[in-house]
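The structure appears right after this line, and notes come after that.
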Amino acid sequence: MAKGSFTATIGYNKRIGKSFYKIGLEFSGASAEVFADVKPGQFVEIDLCHASLPADNKIPGELCDSAGRNIILRRPFSFSDIAVEKGKTTVEILYCTVGPASLRMSNLEAGDSVSVIGPLGNGFGMPEGKTTALLVLGGTGAGPIIHLAKQLKNYPQIQKIAFVGARSVEDLPFEKIADCIGAEGGDYLAEFSGTDTQTFVSTDDGSVGSKGFVTDILYRYLKQSGVERREIMVYACGPEPMLARVAQIAESENIDCQVSLERRMACGIGLCQSCAVECKAGDSGQSIYKMCCKDGPVFDASEVVF
Amino acid sequence: MAKGSFTATIGYNKRIGKSFYKIGLEFSGASAEVFADVKPGQFVEIDLCHASLPADNKIPGELCDSAGRNIILRRPFSFSDIAVEKGKTTVEILYCTVGPASLRMSNLEAGDSVSVIGPLGNGFGMPEGKTTALLVLGGTGAGPIIHLAKQLKNYPQIQKIAFVGARSVEDLPFEKIADCIGAEGGDYLAEFSGTDTQTFVSTDDGSVGSKGFVTDILYRYLKQSGVERREIMVYACGPEPMLARVAQIAESENIDCQVSLERRMACGIGLCQSCAVECKAGDSGQSIYKMCCKDGPVFDASEVVF
Amino acid sequence: MNNNVDMSVDFGGLKLAGPVFTASGTCGYADELGDFMDLGCLGGFITKSITVEPRKGNPTPRIVETDSGMLNAIGLANIGLDNFIEEKLPILGGMSCAVFVNIAGKSAEEYIEVARRLCGFEQIAGFELNISCPNVKKGGIAFGTDPVQVAEITKKVKKAGGGKKLMVKLSPNVTDISATARAAVEAGADALSLINTFMAMVIDIESGKPVLANRTGGLSGPAIKPIAVYMVNKVYNEVTKGTGVPILGSGGIRTGSDAVEFMMAGASAVAVGTASFIEPASCEKIAAGIEDYCSKKGIDSLKKLTGSLC
Amino acid sequence: MNNNVDMSVDFGGLKLAGPVFTASGTCGYADELGDFMDLGCLGGFITKSITVEPRKGNPTPRIVETDSGMLNAIGLANIGLDNFIEEKLPILGGMSCAVFVNIAGKSAEEYIEVARRLCGFEQIAGFELNISCPNVKKGGIAFGTDPVQVAEITKKVKKAGGGKKLMVKLSPNVTDISATARAAVEAGADALSLINTFMAMVIDIESGKPVLANRTGGLSGPAIKPIAVYMVNKVYNEVTKGTGVPILGSGGIRTGSDAVEFMMAGASAVAVGTASFIEPASCEKIAAGIEDYCSKKGIDSLKKLTGSLC
């Protein structure tokens, strides 16, 4: 699975909420094989520099000023799903419009093509030897975690529970939410259906699910759960403060935990050293910088200095 | 007819040759009225900064390097035709892909919208009191001259003759050429049909029409024509060396002549003084700079210092 | 309009209605812009550089676009002092904002002459001293890079300019812009204007010649913005903070957010140049953007924005 | 490949297979690029800046994108001289092109130490003296803006570096880059490298703080290209022409055409930095673009391109 520079064709690009979209990138020929076995947590660098901006009246007010910036760098995006057919691999990306590149991405149409470098990074390690996988996600952290949940179907004996957080109901990057939330035994999110994953939702404003931080429901769950700590693996992806709190909980409970980090990346392939992640240097109390793009983006929570 | 900043919708955008296109800009509402009576030779400044580039494999090799330049300025384009309906005005632009902006323009599709400032500049003066109008054009100078020929239908008593030049047959920006050239009494070009204009074509390499410069056929025509010089008006648009030669011929023959000039323009509306055209300051032998965008783009050939 | 934000600016003792200026040489004599926006949005208007004698300016091509920027070598084309007084001053008299006349010249005497002849006109609020134009062979930038010369010419023009405000426009083509800024302030400048354009060149590889007839030109536009923000912040921290001497920030400002960046870095007001070519209503949109930002952030006066960078 | 263009370059006595270098700090240790292009296309490879002691570099964020450019404040993160010798030199030994080790430091002694320790290694063709890094508090840029200091450090490192070629990398953050260029050449530099990045800043207006943890960073990329071309041309005309001291031109080179511009302006070879982030095969494409251009124009040797600007 050698990384490289490839051309992908847009299969679809659909809006799934206020500012969330799902885009399907189709690879054929040699690249189809390269992408056929990407791991959850891995990512691609997409060149969106020469795509068009949406029409002015379709750009949200708060992004108007930054939208016009003339961009030159690629952007990193991880996968939310993958579909492999003969000679064709489609990877799906769940993304949010936050600036000039993602706005341009939202304007791509089926049939357009983009230049893609990947697959990059390490991806999540599988929960070998565990009985329980806890999936914690916030905001666009959803993508890699959904991808992971789908992959975990290969581990039917493992219990999977997802903890989903957002500021408010409209910040939840899911296609079906409001009408199905609160069913027995946890909340229902279409994206996790069929993955045999129980879901719990929390929002900061209580507009859906329980009110509070996702880390609160994780914490409460752990407190009442009798599962052996060493049989649990926590996977987390989302805003850095959320990851810091997850890491803290995992450490205090002595649970293995993997976090997927984001950094501003200029290259994504180890050339520039821009994506520094501060990590503990053994037990020395000192720290070193690892590179998010090459050494990550998934790190063992215990090695990261938050 | 106050100029202003307007949004136009692309009605159509079609390729008509190796690197020539015709695009229709539709204006509705107040802007439809503003554009309803544009004059041949006037122009608009179009913002193409946030339009997408064509796919890499559709960009001609010699433009690959410049295509990726991140542009910030609008581009000036004059009209090749106009259609006025109730509440809707469509202006047509005949253009050539030569760099980053025109390449982006070629990638616009029906329904897309662009920001347009116009109508700008002075336009050609009508041939009042003349019996003969000679139209000389080279390359993309075709646009305003075709527009003019259509406008001159309002002067049925005037004899109209177009002299069309290009390097080679594929540099002729017309939809139908090769199979109809060389008919009796001059050449046939679809764009001039119905305008009651006789056409003569020349190409530098002789690939169609007569071999040589368009100014040569103009000169030969004048030499054998018995029309009173003061009854003739020459209109010219095209590369500057061609215009210089036309101006020279007009001067030596004592014929009135209007030339439409091009300059690199940063603003198009008189703010920046970037579009200087050197003009004679009376008979002093000295020169002054006029502004192509405000004082032109059409100038009396006798005032321009070529 | 949000009535809760005081958009006025105390600009070195001059009360401005708003923080947005047109930059010298980029907005004609304001009449052209009237077709595209309400000129009432302007805090200040700065004329094209005026010299004693009329100047034809450079041959064409005078501009060329670059990545996110443009080079210009207009060459200080202007109608000269006499014509300016006769033809343009009356128009400028009708403007509601503060009018600054930008002065250029080949010698100190020429600068002084322009200031002296214009200082009696009421419709002029002050002068902007262009000692940083990269597009003229003699003078211009030479004055602008040497602190000793900056101090000298500032003193002289200040004296010749009667009571008018004197703003000194600094060149970014220097090792330490604080040195020239300090020289100007100590010599009596009422305000600083930064930055002017960067010396630059574009080559046409087909012909093997520079694109501009003048060979070199000044780079402006969004490309230079991060350097300009840095320089404004540097001069604010090292020179003007606490002195009451305001900075007019410029260099690639295109949006309200850009303007807020400059003000946080230390500018009391901002000037808009290249952006007006792309969008002739830029000044109005930028003023509205600044107001929006303040209103959202609960900032009731622009003074609180200036230099607020943590 | 067109066999009619001689793509080799005489680089101050060093024979290079081609005119394209990787710029310091932008291409790791070459191994990463091997996945994307044939490293045989390179004329030279320049390492990330090496210092005597390992440096962690700056906290994150270390980069931010700007219009057609980017700011970086990596902070000379590197593994230090000992680790470099042990881990990286063996990899670099496998490269077919000329390897330059970029040296940085906080004092003249540190620069000398690196040169002294490395001058015995065969796989190193020469050193690039980084006296122009805007991202370290002490040293770096301070050396690079004062001609006297430039001369002094050039002399010392030249002496310490045994017979290795010494290339001095100049800062563009100066009033007159010819002054520092001249100082380096007179002090014995075998080549000049220009330009390094411009001091710049981006402010996050939501938080009111600079985006970069280091507050300021160095601006690179297409945004600065026209200034870089101007500076290369200035130094070529005023300093190096006729001396045989080659210029390595850089600053925003993205295409073969860009590279040709720099060579016409006076560069004997070019370095590619930011462009490799966008397109990891940039160096290869640029080399092919230069060759294509020459072949079309009937230029049979790159020497004829250098300084050919009319």
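Letters A, B, C and D mark the chains as written, and numbering starts fresh at 1 in each.
We adopt the following convention: contacts are C-beta pairs under 8 Å (C-beta built on N, C-alpha and C of every residue); 3 or more make two chains touch, one makes a residue touch a chain.
These figures come from a predicted structure and were not determined experimentally.
Any chain that touches chain A and also touches chain C is listed here: B, D. Think of each touching pair as a link: the shortest run of links from chain B to chain C has 1 of them. Of the two chain pairs examined here, B-D and A-D, it is A-D that is joined by more C-beta pairs in contact.
Summarising the inter-chain layout, the chain whose CA centre lies farthest from the centre of chain D is B. Chain geometry summary: the mean Cα position of chain A and that of chain D are 37 Å apart.
Centroids of chain B and chain D (each the mean of its C-alpha atoms) stand 46 Å apart. We define each chain's centre as the mean of its Cα atoms; on that basis chain A and chain B are separated by 53 Å. In chain C, the positions touching at least two other chains are 66-69, 221-222, 257.
Residue positions of chain B touching 2 or more other chains: 49, 68-70, 72. Taken chain by chain, the contacts link every pair, so each chain touches all the others.
In the complex of the two chains, the chain D residues touching chain C come out as 66-69, 71, 145, 173-175, 198-203, 205, 207-210, 216, 219, 221-227, 229-230, 233, 252, 257, 260-261, 264-265, 293, 308-310. The residues of chain A lying in touch with chain B in their complex are 49-53, 55, 68, 70, 72, 112-113, 115. Listing the residues of chain C that touch chain A in their complex gives 67-68, 222, 254-258, 289. The touching residues of chain C, counted against chain B in their complex, run 25-28, 32-33, 35-36, 48, 56-70, 72, 74, 77, 221-222, 274, 276-281. Residues of chain B that touch chain D in their complex: 64-66, 68-70.
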